[in-house]
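The following pair of complexes shares a single chain, chain A, combined with chain B in the former and chain C in the latter.
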Partner chain A sequence: MTDYRVIFDDPDSLDEPTKVLVPSDRWMKEAMEGNLPPITVFWDLQDDEQKAIAEGRHDKFEHDPEKYMKQFTAPRIGPLTEEEALEYLIMKDLPRKCWAEQHNRPMFKIVTKDQVPTDRTFRNAWELVQ
Partner chain B sequence: MSTIKVNTIQNTSGVESYTSKIWVNFNGTGTVAINDEGNVSSITDNGTGLSRVNFANATSSANYATTGSASKHDTNNDGNMHCHCNGYNGGASNANTTSNSYLVTCFTTTVATRDCGVVTFMVTQ
Partner chain C sequence: MSTIVASTVKANDILESTEGGATFFLIRAWINWQNAGTALLIDSGGVSSGTDTGTGAWQTNFSTAFSNALYASAGMNGENGSTYNNAAIAYNTGAGGNGTTTTYRRCSAENADGGYTDYNNNNVIFCGYQ
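Take a look at the complex of A and B:
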């Protein structure tokens, strides 16, 4: 069971509260056992879908079957450490702008579970402090 | 344990059997905690009552069916909880529903977003 969490701000919606990514323990185990395809498999799928959204044809959109099947058939990348699995997850599940583009401050931070406030009283005032 | 890998399962009349592609049961209070899941890589706590379920493997399209439930698990008599499974608050469904993730919204009968003790969500395609 991982104790790590990823807190991040979405560059497209900076007025929204800081978000918290909670990894699945089962997924982390799969990652650390080496059962994941290359991250580019997911990027290809995301790119195709984002293009369909931008072009207004998302409701009729279906993934290219060959690209879709690569999730299951592409050669596995081998076992990852917990830190490497988190990096993979960040590149898969966080908005790409968070980690792929330059900003005037970091948009995400890996923290431990006990560093994340559990009290929602001031939830909407949370900010990512560097 | 053995694994059966097939493309489709049909009955003897040729009617295809559809199974749940993604499911999750999580605690949405405080910071999110995943109780159990299938084909989920992570959950993003987007704010009070707002949780994005990120799929471990993408679906073939975003035209899937969803269902969900929310249980508040507290003693306040301030209304039943609802689990909203589609583009909430006028948000474009494109942004909330993709083949990679889905935004689940929990709110009270007065349509205020609210964290819930147990939230379940399922995708069938």
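Take a look at the complex of A and C:
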């Protein structure tokens, strides 16, 4: 079971509370056993969907079958370390602007679960401390 | 009536009945998510991570993208010795793809009074083309 969490702000929604990503242990196991396709498979799907959203046709959007099937058919990338699996997960599940673009402050931070507050009072006011 | 015996059924398989032609669909992903205290992904299937997005709110990130964003979800929530008998889980249809895409769906849990609430157990299943 991984002890790591990723806390992050979405650059497009800075008014929203800071978010906490919790990796799936089952997914981490798959990643460390080498069962993932290249991350570009997911980026291609995300790019196509974002384009559909931007063009207002998300309601009728369907993934390109060839790109979609690469999730299952692309050669696996091989076993990852826990750190590499976490990096892969960040690039897959965090908004791309969080990690692919420069900002005037870091938009995410990898922490241990002990560093995440248990007191949820004012949860919606949580902010990422630099 | 026929019986299927298999140790593994691939995610992109569709099981079809040989009698009457009715098609059976599989649950593609499921999550048991704790939003109370330090958010915890208690267990899941077909899920790469969960994200605590605020009081009573979280996002389920799928291991494998759905082919479109029109998949269905259903959920229940509760607590040990719960007095929250009328709890409900909703999801954000996300005009413009903000709340639901082929790779994630944002959900929220509300109590009987309609206030977002951090429950110990939020169970959701997802079914659609994958």
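Keep this in mind: the second predicted complex is superposed on the first by the 130 of 130 C-alpha atoms of A that agree within 3 Å, B and C clash if a C-alpha of one lies under 4 Å from a C-alpha of the other, contacts with A are read in each partner's own complex, and residues count from 1 in each chain.
As a working rule, a residue touches a chain if its C-beta (ideal position, glycine included) is under 8 Å from a C-beta of that chain, and two chains touch if they have at least 3 such contacts.
None of the values given here were measured: they were computed from a predicted structure.
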item	value
Chain B versus chain C as contact partner of A:T118, first or second or both or neither	both
First, second, both or neither for A:K92, with chain B first and chain C second	both
First, second, both or neither for A:L14, with chain B first and chain C second	neither
Which superposed partner A:Q71 touches (first chain B, second chain C, both, neither)	both
Common interface positions of chain A, toward chain B and toward chain C	16-17, 19-27, 30, 42, 45-46, 49, 53, 58-59, 61-63, 68, 71-72, 89, 92-93, 113, 116-118, 120, 123-124
Complex contacts: residues of chain A adjacent to chain C	16-17, 19-27, 30, 42, 45-46, 49-50, 52-53, 58-59, 61-63, 68-69, 71-72, 89, 92-93, 113, 116-118, 120, 123-124
Touch list for chain B against partner chain A, complex	29-34, 37, 40-48, 54, 56-58, 60-63, 94, 98-101, 115
Interface residues, chain A side, partner chain B - complex	5, 16-17, 19-27, 30, 42, 45-46, 49, 53, 58-59, 61-63, 65, 68, 71-72, 89, 92-93, 113, 116-120, 123-124
Touching residues (chain side chain C, partner chain A) in the complex	10-12, 36-41, 43-45, 47-55, 59, 61, 63-65, 67-70, 96-97, 101-104, 118
